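Chain lettering (A, B, C and D) follows the sequence in which the chains are written, and residue indices restart at 1 in each chain.
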Amino acid sequence: MKVPVLAINYKTYNTSFGVKAVEIAKSAEKAAREYGVEVIVIPPATEVRKLVEVVSIPVYIQHADPYEFGAYTGWLPIVALKDIGVKGVLINHSEHRLRLDEIVALVEKAKKYDLETLVCADTPIAAAAVSAIRPTAIAVEPPELIGTGIAVSKAKPEVITGTVERVREVNREVILLTGAGISTAEDVEAAIKLGTAGVLVASAIMKAQNPEKVIIDMASAAARAYTKR
Amino acid sequence: MKVPVLAINYKTYNTSFGVKAVEIAKSAEKAAREYGVEVIVIPPATEVRKLVEVVSIPVYIQHADPYEFGAYTGWLPIVALKDIGVKGVLINHSEHRLRLDEIVALVEKAKKYDLETLVCADTPIAAAAVSAIRPTAIAVEPPELIGTGIAVSKAKPEVITGTVERVREVNREVILLTGAGISTAEDVEAAIKLGTAGVLVASAIMKAQNPEKVIIDMASAAARAYTKR
Amino acid sequence: MKVPVLAINYKTYNTSFGVKAVEIAKSAEKAAREYGVEVIVIPPATEVRKLVEVVSIPVYIQHADPYEFGAYTGWLPIVALKDIGVKGVLINHSEHRLRLDEIVALVEKAKKYDLETLVCADTPIAAAAVSAIRPTAIAVEPPELIGTGIAVSKAKPEVITGTVERVREVNREVILLTGAGISTAEDVEAAIKLGTAGVLVASAIMKAQNPEKVIIDMASAAARAYTKR
Amino acid sequence: MKVPVLAINYKTYNTSFGVKAVEIAKSAEKAAREYGVEVIVIPPATEVRKLVEVVSIPVYIQHADPYEFGAYTGWLPIVALKDIGVKGVLINHSEHRLRLDEIVALVEKAKKYDLETLVCADTPIAAAAVSAIRPTAIAVEPPELIGTGIAVSKAKPEVITGTVERVREVNREVILLTGAGISTAEDVEAAIKLGTAGVLVASAIMKAQNPEKVIIDMASAAARAYTKR
C-alpha cells in the first residue's frame, strides 16, 4: 500500500453494484493517476471480478473468511482471492465485526497469499490491539459517526491522535487511516494533519450526486496535505 | 423451480472458481438440455455474475443477507441479486446455519424480489419447521453424511421418508430434495424413489476427475426415475 | 405448563438480581396461589438456584445451550438444569435469537430431560415454524413493541390472531402466549380474548414501583378472562 | 491477582455443578491456604453465588457480557457480577471466542466495576494483541492441546516462550499463564520455568478421581517453582 491513501468502501448501496460500481472505479483510477494518491476501491463480493477487469488501481474485497479451499458453503476463503486479482481485504469493519482469532487468522493467511490487509478498529485501544497483529493498515472508525457526515477528524480529533499514540507504542510501521463521517476535502486534510496517512470513505462518495467530483477533491486534498506534512 | 432437480452446490473448492467453475456450469447446461432436468448451479458470490453471463440454466447463490440496499459492509443484500440475474438463494446450508428469524426474513424478501429459495434442513423436524415458512424448496441433509460419499438415501432412508411425512403434514406444495453424500446415479434414483423431487450434490461433482460425466449420469438418472414415479 | 399463564421474564435489570429477584418471585408465588394461575419466573442464570430454593412455582431459565455435560466453557448445557430444579427454558427471545438447528436441538433435549420449553417467535410465520418443532409453548412477540409499554394486543391484534391461525394449521396443542408491551391487566385480558392462553411480561413488572401489585392485577385478570373464554 | 496462580476452569462437566462443585472449591481453598498460591475457581454461571458463599478464595465466572443493567434476556451483564461477589471474569476461552470489540468492552467495563480479567489467547500473536488491551492476566492456550492431557509446556514450549516474548514487547505488566493440556505438577513447574506466572487447568482436576490431590500437587509445585525462579 502506497501513501497517502483514499480507500473507498463501496458498502452495499444501489450504486455499489453493476454499471455505477464500474463508473466509480473508473473515476477512482483517474484520480489516482492525476494526483499520485493510492486510491483503493472496495466493492461487494459479487463485483470484484468486474472491477479487477476494468481498472488497474488496487481492488480490495469487503470481507473474506480465514479458510483454504474446501467445503465452506456460503463463505469466501481468502485463498481464492489471489487468482481473482484482488489486492487486499478489508477486515473487521464495524458493520462486520470479527472475533479476535478470525482477525489473527485472516492477517496471517493474507500474508501467506501475499494479500494486503486493512483492519478496522473502533477505539484507540482496539487499534493498538490490532497493530500487534501487524496488518498492512488500520482504519480507526468510531462507529457512532459512520454515515453521519460528521467527520471524526472534526468531531473527535482526540480519537485520531489517541490512536496514533497508542498504536505507535506497539507498532511503528503499520499505516494508519482515519474513517467515519469523512465528507469533504477538508476532512481528508484534517485526517492527514492529525497524523494518519489517509482516509476510509463510504457514503460521501457512494451517495454523492457526482461521485467523481468528490473523489477528485479528496484525492487532491490528500496529495496536498501529505506533501506539506 | 421445475422438477426433477439436480442442484449443484459448488461450495468453495479450487474448482469452484474461475475457468473450472465456468466449465462445470456449461456441462450442467448441456445435461439440462439433454434430459429436461432442472439443473441448478450454485457458485460462490464472486462467480455468480460470470456464470449468469455464460449459461442460461438457473444460477443460485450460496448465501445472501436479509437486507435492502444500505450500509452493510461485507454482507450481500438479497435485493442486489435480482439485477445480477441470479434466480435463487441457497439458505441455511449446514456449513452456514442461520437464525430462524434470518431464514424467515430471507424467504419473505426473496418472495418480494421474485427470487426462488432452497432452504437446507438437517433433520425431519427442522424440515417441517422450514416448510411452515413456505420456501420454494427444501433439501434435507444429515450433516454427518455431507462429503462422506455415503448417500443418505442408502445409509439413512428413514431420514428422507421421515422428512417427506413430517413436511407433508405442514406443507403439501414445497419441493423436497435429498442431500448429503449423494455420489452416484443410483443415489439420485433412490432419492427420487423415496419421494423427493431430486438432489443437492457437491463434492461428487466438484471433486470428480470428470465432472461432466457425473452430471450427465445424475441428470439422466433423475429424468428416468422421475418418469417412472 | 398449566393455563392460563403469566410468565415473568426478569431480563437483566438491577431488580433481576439478588434480594429484589427473590421478592418478586415471592409475589409471583402469592399471586399463583391466590388466583390459580400458572405464574412462571424466569431469572438470569446466576439467580436460578436461589429462586428454586425459595419458591415452589415454576422457575425457568432465560437461555440454555443444547449440550450434554462436557467442555463448554462459558455455556450452560441444558442437561445441567434438571438437577438444579429448573422447570423449563425460555428459548429464542428476540434479545437472544438462535439458529434454527439450535432451537430444534434445545426442544429435543428438553424433552429428553423432561424440561418444558417456551419458545419466542417474532412473527406469525416464525411462530408457525416453531410450532412444527412441538415445544411446550410459544410466545409471539413483535420485537418493535418490546419494552415500549404499547401492548401488542392493542396495537397489533392481527399479529396475535394471525399467529393463532397460522400455528393451529400446524399444531393444535402447543400453548400460545402473547408478549411485547404488555403493561396492564387490560392487556392481559385482551391477549386471552384474542385466543392465547396468557402473556409473557418483563419491564411492566421488573421496572414497576410496586411489582407485587402489577403481578396480582395481571394474574387476577388472566384468571377472570380465561374462565369467561 | 496474586502470583503464582492456579486457575481452575470448571467448564461444564457433571462435576462442575452442585455438591461436587462445592467440594472442589473447598479443596482449592485449602491448597491456597497451605501453599500461599492464588487458587482461583471458575464455575458455570449457575454456581457462582454458591461458591462465593462457601469459600473465600477468588471466584471468577466463565463468561460475562459487556452490558450495563437492561433488557438483555439470556445474557449476563458484567455490571451484575460485582454485587454477587465475583472477583473476575474469564474472557475469550477457545470454547467461547469473542469478537475483538467485545473483548475490549469487557476489559474496559471490568476496570470500571473493579473486576479482574483473565483473557485467553490461542497464539503468541493473539496474546500480544490482547496485551495491548491491558487485562489483569492472559492465558495462552493452543486449542489443539486443550483436554488432551498433552501439556503445552512439554509439547510446544516455543508457544509459551514465543508468547512471553511477543507480549513483553507490548506490555510489561500483564500476568501470563499457561493453559492447555496441563495434567501434572511437572507441567505446572515447566509452565513457570518457561516464564509464566502459573497455569489455567480444567479436565485434569474436574475429571480426576481425586481432585483434591491434583490441586494440592499443582499448588505446591507452583509455590516451589515460583520461589526458585
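Quick note on the criterion: a residue touches a chain if its C-beta (ideal position, glycine included) is under 8 Å from a C-beta of that chain, and two chains touch if they have at least 3 such contacts.
Treat the numbers as computed from the prediction; the structure is a model and nothing was measured.
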Item to complete: With contacts defined as at the top, give the pair, C-D or A-D, that has more of them.
Response: C-D
Worksheet item: After a C-alpha superposition of chain A on chain B, what does the rotation angle come to, in degrees rounded to the nearest 5?
Response: 180
Worksheet entry | Numbering shared by both copies at the chain C-chain B contact, with half separating same from different | same
Worksheet entry | For chain A paired with chain D, centre-to-centre distance based on mean C-alpha positions, whole Å | 37
Worksheet, complete the sentence: Among all residues of chain D, those touching at least two other chains are none
Worksheet item: What is the shape of the graph in which nodes denote protein chains and edges denote touching chain pairs (line, ring, star, complete, other)?
Response: ring
Worksheet item: Who touches whom among the chains?
Response: A-B, A-D, B-C, C-D
Discussion item. Please output the residues of chain C touching chain D within their complex, sorted ascending.
Written reply: 9, 11-14, 16-18, 44-50, 62-63, 67, 69-77, 80, 83-84, 90, 93, 95-96, 146-147, 202-203
Worksheet item: Which positions of chain C touch chain B when the two form their complex?
Response: 92, 94, 97-101, 103-104, 108, 121-123, 125-126, 128-134, 166, 169-170
